[in-house]
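Structure in structure tokens, see below.
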Amino acid sequence: MATVHLQANHAAFTDGVRELEVDGATVGAVIDELATRFEGLGPLLREGSSVAIDGELQPKGTIYAAVGPDADVHFLAPIAGG
Amino acid sequence: MRYAAPTTVDEAVGLLAADADARVFAGATDLIPQIRSGRPEPSVLVDLKRIDRLVGVGESGGTWTVGAATPTSTLTADEAFTGAFPGLSEASGLIGSDQIQNRSSWGGNLCNASPAADSVPALVANAVRAVVAGSNGERTVPVEEIVTGPGQTSLADDEFVVEFQVDTPPAHTADAYLRLIPRTEMDIAVVGAAVRLTMDGGTCTAATVALGAVAPTVVRVPDAEAALVGSTLDDATLEAVAAAASAACNPIDDKRGTIEYRRQVAGVLAKRAATIAAERANA
Amino acid sequence: MINRTHVHCTVNGDEVDFLATDSTSLLDALRTELGLTGVKEGCGTGDCGACSITVDGALNCACLMFAPEAEGREIGTVEGIAQGDHLHPLQETFLEGAALQCGICTPGFLVAAKVLLDENPTPTETEIRYALAGNLCRCTGYDKIIHAVQEAAVQLNGAKS
Amino acid sequence: MTATENPPSKYKYVGTRPVRHDGLDKVTGKARFAADLDLTGQLRGAIVRSPHAHARIVSIDTSAAEAMPGVKSVVTGADFPAIDPSDSAHDEAVNNIARDEALYVGHAVAAVAATTMEEARAAAAAVEVEYEVLPAVLSIDEAIAEGAPIANSTNRTLFTGDTEPSNIASVGPFQRGDVDAGFAAADVIVERTFTTKAVHQGYIEPHACVADVGQDGKATIWASSQGHFAVRSKTAKILGWGTDKIKVTPAEIGGGFGGKTTIYLEPIAVRLSQKAGRPVKIVMTREEVLRATGPAPASKIHMKMGATKDGELTTIQGTLHYSNGSAKGYAALTGAMSIASYKFPNLDLMAIGTVDNTPKSAAYRAPSAPQAAFAIETLIDEVADQLEMDPIELRLKNAVVEGDPTAMGAPHPKIGFIETLEAIKNSEHYNSPVPEGAGRGFGTGFWFNIGEQSSATVNLNEDGTATVITGSPDIGGSRASMALMAAEELGLDVHRITPIVADTESVGFTDITEGSRATFATGMAVVNACRDLIEQMKERAAVMRGVAADQVAWIDGAAVIEGPPSEGADPVSIAEITAAAKMTGGPLTATASLNAAGAGPSFAAHLADVRVDEETGQVEILRYTAAQDAGTAIHPSYVEGQMQGGSAQGIGWALNEEYIFSADGVMQNAGFLDYRMPVASDLPMIETIIVEVPNPSHPYGVRGVGETGIVPPIGTLANAIADQTGVRMTNLPMSPPNVLKALNER
């Protein structure tokens, strides 16, 4: 199970839960699982977030990136540049 | 919009007299931005730079004559002129970048009638006279009578300034001009201060103080002048000059500065300019 | 066409003729009538120097001149700085010293810096900074531009002695 | 050997300073920027803009304009498909041309194309727009005031599920630890409110494009943009076209800094061209650039920080308001996220993005980070003051290292913040006395940097030269960086390599040049393509020498045969391989593409000496030094250039730049005279120290250097002013009137 870390704004949909264990081999699978568990969270994770796996920032919009069984997955606010 | 480049004063007057919407220009450094920002275009642009009399600087019989369209870079590069009027020269040299300096002129700077024009306080401090040509011939008036308000002059539709005249200063007389801009270059004065002093053995015997950008037109500060005359420019005198300058201001709040700021800094610049003018006059 | 004035002048040493309406800026005329697109428009109000040219040797903003004012004048633009395939030392030092990033302000800086060095072969850093204060650059922070002008001055003076 | 000697470089080309490949065209005036292009039969376009900060567009009558001489086409919002407000493309589409509401002064509402610019301008003035003026909101305070009018009726707060119109664009809380406990443990608590105004990117080249729609209905666009593929996709979306109908050729770009990551003109030019059947060029005036293109957001940041007496930062708490201008956006979120430099065990930040009736904000170099860093770096400086600690020591004590969390909790990858702080600490500048009567200030900055998608094609030519083709517009010398990395890989002289930025039909998709990503991500694509080519060349060399492919090694730009039967044979050069290519399998070419992960954050630390004229409030910068972690500097001159340019922009932001609006929302300083960017005489030389802590996710260790340099200057200068005067400046700009006012109040 990967450990998923959420931001405080995600927690508005999770009853305040910020850290949880999720089964999923890819980012997409993790998001789907979270979206099923917490109504309203899906769009925020899909469109309004960046993702880091084990500290490495993933390409924007990624859903196929592999999530290892012991991975740390952080959902972050969207990162852009100038 | 039609362009005309007369070669004589009469020809230029004729063009102005024939069309009330005609407008003279020298550098166009204000005119072109004004047109770009939506000001109505003149019908005829009368370029004064091809009239010999309007371009040049020289001294004869105790009087300096400066053509109204003379580029300010010509004045700052003229060592004799700059030696006689260091403040007037430095004020002229502050009108924009080197690019602008090759276009800007006293005539344009004065007649555009911006309250912030850099050369005008120094022109006033030196009692410069403007020779104005029009359909009724020429007249000579003190520069402070040309500008009547922001963008407003006392010139008739068919009149323009041909040249400026200024007397060679008496001995131990010098001027100085300081202005405050937010950057070091390329700005319009937030406050400008010109001071001209005559010194006699460390004591001031004559003084003129003129401020720019702190009122609709250039402001003379008689209280500061009175404080200076008879003084050795000691600290108390300079504080009096600063207080009088601040009190003489009638500024506005705008994108370039606040009323409080302009008032306070007018005093600072007046006292600093007085100090520089005195050093120059004593030298 | 209404009010097209015929203008005869010298541009980069060549005599040229062109037609322009009286309200056309010299900048637009140089770019569109003569194809000298090295002269850039950054502001159109004389505040950025991207359109710097020389008029009878004096530095000017082409955007602040009406095209007919060029009649009989000698105009110089960035296109005339190199002699054939021989770059001016300023062009060399700008390249060597990475004194340009996007390059839009570069033509104006080169024209202004050349006028400076023509008039003052040994400028101080402060003199360079004030002489170029009419030219805005947003990329470089000016540091490498100032260094390039200083280096060009050294090269030009070395070539003379 | 002494410790101070630089180790010999691992690389032959990377880290050298060749003349950039596009340089000659740029010093001779030949480089073609978008406004320099003229096509046969070309029309000129002009835009009709709203004079109102907020108004309903009741009707637009274009008949008078259409009847004017020379006019060939006129368009309004009705000429473009409606896009649903929930679609992420909606706001940019509406910003290109208003449909129902004009949202700020300068908002485009119609456009005309005519045979001359004069005719186009006259016709634009003849378009009659009937407006119903609506109440406007012009600042953060007005936007969040109780009972405030709605600035943009289509705005809904992002990701909350709220369905009611709101002036709140986004809300983002960031929390960890227990801030109350953190403050309880603190011996020093500092707290202030900071405000900053909108500022513009200030690129010297105004936006420009030329569009030509052919008889086949296909559009060709020449654009000044940081990303021509983005121009294609955005234009396609706004027009409702397929991307196959649009080709975008990147012109040289005269500066962007984030401001040319969005589009303003291209869909309008295409539609005007399509209607007129002729090419259309549109070039903004400087006034239009300032009134109608995206500034960086204004902000209002309240921040409170606690520290123990031995200098441990325990807590940070704050509310960060950022204005997105007339549209929704992420400005506040990004601002809060950028607070990632110090190990605050307890953190509670609330990021609130607002919407108002000022121009839609756009990215500007490390977007939103400078405003937040101003607050953080000021407060840390105050803590150092109160504890009488050296400001760098305090930061060293609390600086994040690999594994420490950012504001969002994700751990930092390998970073070089400590090394960057130490670079300043060891600098000659820091170890020299502060000039008499002057003040010295120190500040730092952080930026994430991003990866994203890039493609590259590398062709070997028959004489052994190479062409490197990418899709990343070159704003500040990236072509030279691409050529240097290719040179290093191939072992080929950098001037035998020609780097090209190709149009959207000649190279694979590539994201925008933004987020300091071009040298990082596009560079990686170039490296991968070169590595593919090397494998191909080894195979060709094996054929040429009659050996097995696995007997060939690539050493120093040539194929070296190892083992019998050709042991000891001369290496096969690239030129020999390419000359023989037609006999060994045809031309040598390779393409690589990627979506780059592992962007390396970059930290910067700046030091400034200033002298404040305490009678006038003028601030003179006497000396300035910038240190920054580049990972690896591919072309050090252009790395320094990014650091110097970012510093100068930050200095301008700190001292004099600001949007000044009238009470009815009209920008008062829409020109370079009164929008005061630094001129040459305002600045000293900007000394640079390149720190190199390689990014392990890039073959050469590149982090990207474009953005971080703008982050530290504001705090650095505010701290220097405080050092001399004792006054903490909390409102930008620190212009003479604002500084004098603060001095008067001390």
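First chain written, first letter: the chains are A, B, C and D, and each begins at residue 1.
Heads up, the rule we're going with is that a residue touches a chain if its C-beta (ideal position, glycine included) is under 8 Å from a C-beta of that chain, and two chains touch if they have at least 3 such contacts.
This structure is a prediction, so every number in the text was calculated from the model and none was measured.
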If I average the C-alpha coordinates per chain and also across every protein chain shown, which chain's average lies closest to the global one?
D
Per the centroid of Cα atoms for each chain, what is the distance between chain A and chain B, given in Å?
67
Whole-Å gap between the CA centroids of chain A and chain D
26
Using the average of all C-alpha atoms in each chain as its centre, how far is it in Å between chain A and chain C?
55
With centres defined as the mean C-alpha position, give me the chain B-chain D separation in Å.
44
Where in chain A do residues touch two or more other chains at once?
none
Where does chain C touch two or more other chains at once, residue-wise?
23, 44-45, 47, 130, 133-135
Tell me, which residues of chain B touch at least two other chains?
33, 36, 184-186
Throw together a list of every chain pair that touches.
A-D, B-C, B-D, C-D
What residues on chain B touch chain C, complex-wise?
1-3, 5, 27-29, 32-33, 35-36, 41, 45, 47, 49, 71, 73, 96-100, 102-103, 184-186
Counting only contacts in the complex, chain A reaches chain D at residues 5, 7-9, 11-12, 18, 40, 43-44, 47-48, 52, 55-60, 62, 65, 72, 74, 76-82
Contact footprint of chain B on chain C as seen in their complex
3, 5, 22-23, 25, 44-47, 49, 52, 55, 58-61, 63-66, 68-69, 71, 112, 115-116, 130-131, 133-135
Residue positions on chain D within touch of chain C in the complex are 17, 19-20, 22-24, 26-33, 35-36, 38, 117-118, 201-206, 252-257, 283, 285-286, 475-477, 635, 637-638, 640-641, 644-649, 671-673, 677-681, 683, 685-686
Using the touch definition up top, name the residues of chain D that touch chain B in the complex.
285, 287, 615-618, 655-656, 660, 668-669, 671-674, 676, 678-679, 681-682, 735-737, 740-741, 744
